[in-house]
Amino acid sequence: MARSLYKTRNMSKPSEPVTEPDYLKAYRIMLTSRIVEEKLANLYRAGMIKGGVFLGRGQEALSVSVGIHLHRGDIFAPLIRDQAGRLAFGDTVLDTLRTYLGSQLGSMRGRDGNIHRGRPREGYYAMISHLGAMIPAVAGGLLAKRLAGEQGFVGATCIGDGGTSTGAFHEGLNAAAVDGLPLVVVVANNQYAYSTPNSRQYACADLVDKAAGYGVAGHKADGTNLLDCLQTLRKAVSAARVGGGPQLVVANLLRLVGHGEHDDFSYLDKKLKQSPVGSDCLLLAEQHIIAQGWKNIGELAEWKRETEDEVNATADRVRREPTPDPEEDDWEALSRAEYREQHTAP
Amino acid sequence: MITYLEAIRLAQQKALATDPRVFLYGQDIGTFGGAFKATKNLSKEFPGRVIDAPISEDAIVGMAIGAAIEGARPIVEMQFADFSTCALNQIVNHAATLYYRTGVPCPIVVRLPSGGTSGGGPFHSQSMEAVYAHWPGLVVVTPATVEDAYSMLLEAVTIDDPVVFCEHKFLYYHLKADSLPETSLPIGKARIARQGRDATVVTHGAMLHESLAAARELAEDGFELEIVDLRSVKPLDTDTVLASVARTGRLLCVSEEWPWGGVTSEVIARVSSEGFGLLDVAPMRVNAKDTPVPYHPDLWSVHRPTASTIAAAARRLLQI
Amino acid sequence: MARSLYKTRNMSKPSEPVTEPDYLKAYRIMLTSRIVEEKLANLYRAGMIKGGVFLGRGQEALSVSVGIHLHRGDIFAPLIRDQAGRLAFGDTVLDTLRTYLGSQLGSMRGRDGNIHRGRPREGYYAMISHLGAMIPAVAGGLLAKRLAGEQGFVGATCIGDGGTSTGAFHEGLNAAAVDGLPLVVVVANNQYAYSTPNSRQYACADLVDKAAGYGVAGHKADGTNLLDCLQTLRKAVSAARVGGGPQLVVANLLRLVGHGEHDDFSYLDKKLKQSPVGSDCLLLAEQHIIAQGWKNIGELAEWKRETEDEVNATADRVRREPTPDPEEDDWEALSRAEYREQHTAP
Amino acid sequence: MITYLEAIRLAQQKALATDPRVFLYGQDIGTFGGAFKATKNLSKEFPGRVIDAPISEDAIVGMAIGAAIEGARPIVEMQFADFSTCALNQIVNHAATLYYRTGVPCPIVVRLPSGGTSGGGPFHSQSMEAVYAHWPGLVVVTPATVEDAYSMLLEAVTIDDPVVFCEHKFLYYHLKADSLPETSLPIGKARIARQGRDATVVTHGAMLHESLAAARELAEDGFELEIVDLRSVKPLDTDTVLASVARTGRLLCVSEEWPWGGVTSEVIARVSSEGFGLLDVAPMRVNAKDTPVPYHPDLWSVHRPTASTIAAAARRLLQI
């Protein structure tokens, strides 16, 4: 029988309620994310981005809720559809565009692109493509922080329904559970993995049923509902922060675009689109703000305009930036100069 | 006109149609027809035999192995060759050892959409043929033409041993042929893709076409490169390579994968040790740079060998 | 949400009760397994076996219950401690000894050894060392049988508590669940993975809690109790056979020997040994047989003697058999002669 | 007398004692001290810093990577090198690409108990150095002596890049030294393990000792083999190899791993292309046979190179 130190998974301390400013802040980030992504889609169609564009439309409420509850000293390893969470954690529109447009000034300097960007030194890990791989990495970062005597930190990472089928997901979550690490794993169940529907991805009734099998707390959220996402993530992140061990959050929602901008989403089941899971979280959040009387339509339209202007201006600026120069690149995979070698025709 | 990709689709169609033991397993290959559409319409044409898999590369290959033991002939699609690192254990330790250990062969085909394309980046561009060739127990093929993509895939399905089928994504759409071949060289035999007298270029996959372009460039200066398309890197047809070097006296090996222990290194090692006397000058190699494959097209096009870097190397080899 | 065809996991058809002959048959196989393994331990100590010896002492009740419920046309991929299950499935004392002693006549011809033996053509898969790897292989065998139109077959494989932490376990069980394959995965929770106690291996309350997360039926058995193991496996195997999809069986017990014969088991927690989980299933089965009046002590002693004689005679015979001759070996890893090559110094 | 294995233990002890960032992670390495006892007593001496892991190779390396990003210096033990196939994705795609992609180096050490021993069989005997050397972004070392096992492991911990530490199980117990070194050659430099004038043997790991034995045998006939112990296979010290071949004119490469794309192939390719003129005769290689490593001792001892097969090859090289 498991005798983990971190057995009590349901920490009682209630988390702070979500206030109007919290909600509005999250909404603005969602809005920015949506507008940046629309810009990316346009740039893609205009042939200005080489390589793929993978958008998070429909997933902003969940994603922002992850990033917004993390702060300096925490770790965040976003995944494919986490533009909103990235911005909430401190990534910028500028670096987003630099990376997609291949500016030499971007954090990845043209060596890697799009969703693979990050700044590991700032707790913002740069995902590799292989799904699941970031889970143990975040767990390890947390272990190192614990060994170094730090306190009160958490780490979060996101994954899709499809990513839960990887061995890496399983090994990483299990290892984190054994050591009771403050890891929050957020599953965006957007009903598809590329074209593959849930029915060909897993057979459990609900992905949150996996939590008990790892001995971690399980949380469900309505991924189309910003308030529910904020509340659930607040609860999960604070439970992890105070020693509750890993937390598995599962949110249902629908990806509102194709897998990537090359994908026409022909496999979408129309019934899903019409069901509650197919709602657009950004629209619902707007409606909520207006219904609450926090802002009126005009004010929201103004925010939108402002953000579009900022994004467009940034894109124009980035397009004038230098692209990476192969002559300047040192073409070295190792940090230590002595270990470098090139053995191609001399 | 039939593309390289369509040839792969048609080979799978024919295998499904002619051999009831064949089935396909991989991510998004069913109704969707695969990330690259290499299985387009096949699930409709062959109901129940083109099966969508979860994102579980290790299980995908593991299942193919069990199916092969029971007499099936599975063709597995990795969405990208790069993700086969997650299935490596099943490929090299299970499929590749089964015959040696138990006497029961393991007829699976693992299709790896391989190699670089513009904007692919570090995780959608890798060439894994040298890795799989290192382990005993696998046949590793690298078709470079539409005809070979078709006939080698069909042949691979008939082979009782596990075959790693490295199809090159760079060739998918733009490489075209008028028709499909009726006959072809068997797997294990290299092909002289271009005859020449001045130097032998040994290559495979997308680099065949860069090498042919380099040869055309040198031909303008009056130098004739002979180009050997390996077709399969394991087994590696040393005889054909040696026979060509015997004619030319010079060897340039060109490969898209990383240099250390890659195909160029194996070919040079074999020619040097088995055909030392045939070499008039030092053999040379051109490979990708020894870094991850960069994302930005401007970096990528310098990272990999191209017609012009191959031509430059050939000029040095010919001391011109 | 998952919409698997094979959603109803609890098949109602009650399985046949375990009769006296069933029990005695299972007991005799357990006894043979125990005696063969004692012989192997002796041979090991005498230096007659090169390589490791890994015994299943204490696990015979569970293991035999797996093998005994399978028949021709089924698939069995035993693991490290399944000597009893192997014999129940049709493996022989002769081939066991041949493999351990490296006879050329053994099924592995000296190319592989000990627990890695099998006869894949007969549904008896030969494990590779990498834990978890056999699960998808059995699933794939079952898929192929289904595609070929066969019916009424099942496949079973065993794994340890430690093996549940592998990505292969997760991917294999999940993929089998998605296709509703008739796979029985039997977890022998023997409290340790080599030296690692459960507390460092997983954090769930019970490994059977994993079943819900895969959408498969979960079963618990007392691994020290032959009757319970027989009943549980009978139920699980027949549920799989009639279309109930994958079944996860978890049995608690204690490995009564070191990890391998080289291991002195110094890490054993004495309290576990004294707890019910530490009982010897063979002794308990003997007591049960006597208490039921099925056999008396003398009859059981006679069985034991007979089996020892058989095992000793077989070992003597095998020791006189030829060992593999490197000169005769074709040293080929591929079945097709044209693809063979050797490139070492000519 | 200090064994090779004890040197590894002592190096880890010293690293733990002198660098608070160091911790160890792996299966059974805590109280139990590891399958081979390479961490014996260390969990007692350094409480909380020698951590037992679940059977999750991929997660083990993944966690080490995250820990390294946060400033730790993890040393990971694979129970056997063979099981690192299950961690390959994290090693080659995450650790090895981190610096190139993000500019943040990944200082992890992955210890691989490598190579064959009698009765080890196909899954407890593999040498993986050539596989890891193929991917860019890794330092791959193969200590062949007690002194190197100690000093290279200590040095590996100080390196900011990921190091794959291939320690050879065959040497664990029987290789002994009087004392531990104070100074040593840096990683990346090969060592002339024996001086000779007639031929150069390039080797590493356990094969160093088989090669030295072969050299003693040939010395009885009056031939002197020079033996280069590579020490690290990536970076590979081509200069030292070339300098030796310049002296002897003959090259024999000896490696325990499989031939295709192995260390022998890379060394021969480099010498042939960069030092062609130094070679008087064709270079040669001796490798394990291209099959899984057999279990039975009688098969195993023929599968791997030994002093006598190396001596025989050397005689052919020397045309005696």
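Which chain is which? They are A, B, C and D, in the order written, and residues in each are numbered from 1.
Operating definition for what follows: a residue touches a chain if its C-beta (ideal position, glycine included) is under 8 Å from a C-beta of that chain, and two chains touch if they have at least 3 such contacts.
The shown structure was predicted, so the numbers you read here are calculated from the model rather than taken from an experiment.
Chemist: Suppose chain centres are the mean of their C-alpha atoms. Which chain sits farthest from subunit D?
Modeler: A
Chemist: Hey, how far is the Cα centre of subunit B from the one of subunit C, in Å?
Modeler: Spacing between the chain centres: roughly 40 Å.
Chemist: How far is the middle of subunit B from the middle of subunit D, if each middle is the mean of its Cα atoms, in Å?
Modeler: From the centre of subunit B to the centre of subunit D is 30 Å.
Chemist: Which integer distance in Å separates the CA centroid of subunit A from that of subunit C?
Modeler: So the centroids are 43 Å from each other.
Chemist: If a residue has to touch 2 or more other chains to count, which residues of subunit B qualify?
Modeler: 53-54, 56, 58, 82, 85-86, 89, 93, 96-97, 100-101, 122-123, 136-137, 234, 236, 260, 273-274, 284-285, 289-292
Chemist: Listing for subunit C: what residues touch at least two other chains?
Modeler: As it turns out, subunit C has residues touching two or more other chains at 108, 111-112, 116, 128-130, 165-168, 171, 174-175, 178, 200-202, 332-333, 341, 343, 345.
Chemist: Which word fits how the chains touch one another: line, ring, star, complete or other?
Modeler: Chain contacts: complete, every pair touches.
Chemist: In the complex, go through subunit D and note every residue touching subunit C.
Modeler: Spelled out, the residues of subunit D in touch with subunit C are 27-28, 30-32, 35, 52-56, 58, 82-83, 85-86, 118-124, 252, 259-260, 284-292, 294-299, 301-303, 305, 313, 316.
Chemist: Provide the residue numbers of subunit B that touch subunit D in the complex, in ascending order.
Modeler: 82, 85-86, 88-89, 92-93, 96-97, 100-101, 122-123, 130-131, 133-137, 234, 236, 257-258, 260-266, 268-269, 271-277, 279, 281-285, 289-292
Chemist: Which residues of subunit A touch subunit C in the complex?
Modeler: 1-4, 6-7, 165-171, 174-175, 177-178, 180, 197-206, 209-216, 245
Chemist: Taking the touch rule as given, give the residues of subunit B at its contact with subunit C in the complex, in rising order.
Modeler: Subunit B residues touching subunit C: 21, 23, 48-49, 51, 53-54, 56-72, 74, 89-90, 93-94, 96-105, 136-137, 139, 159-161, 186-188, 234-236, 238, 270, 273-274.
Chemist: Would you tell me which residues of subunit C are touching subunit B in their complex?
Modeler: Residues of subunit C touching subunit B: 75, 107-109, 111-112, 116, 118-121, 125-126, 128-130, 133, 135-145, 147-148, 167-168, 171-172, 174-175, 178-179, 332-336, 338-341, 343, 345-346.
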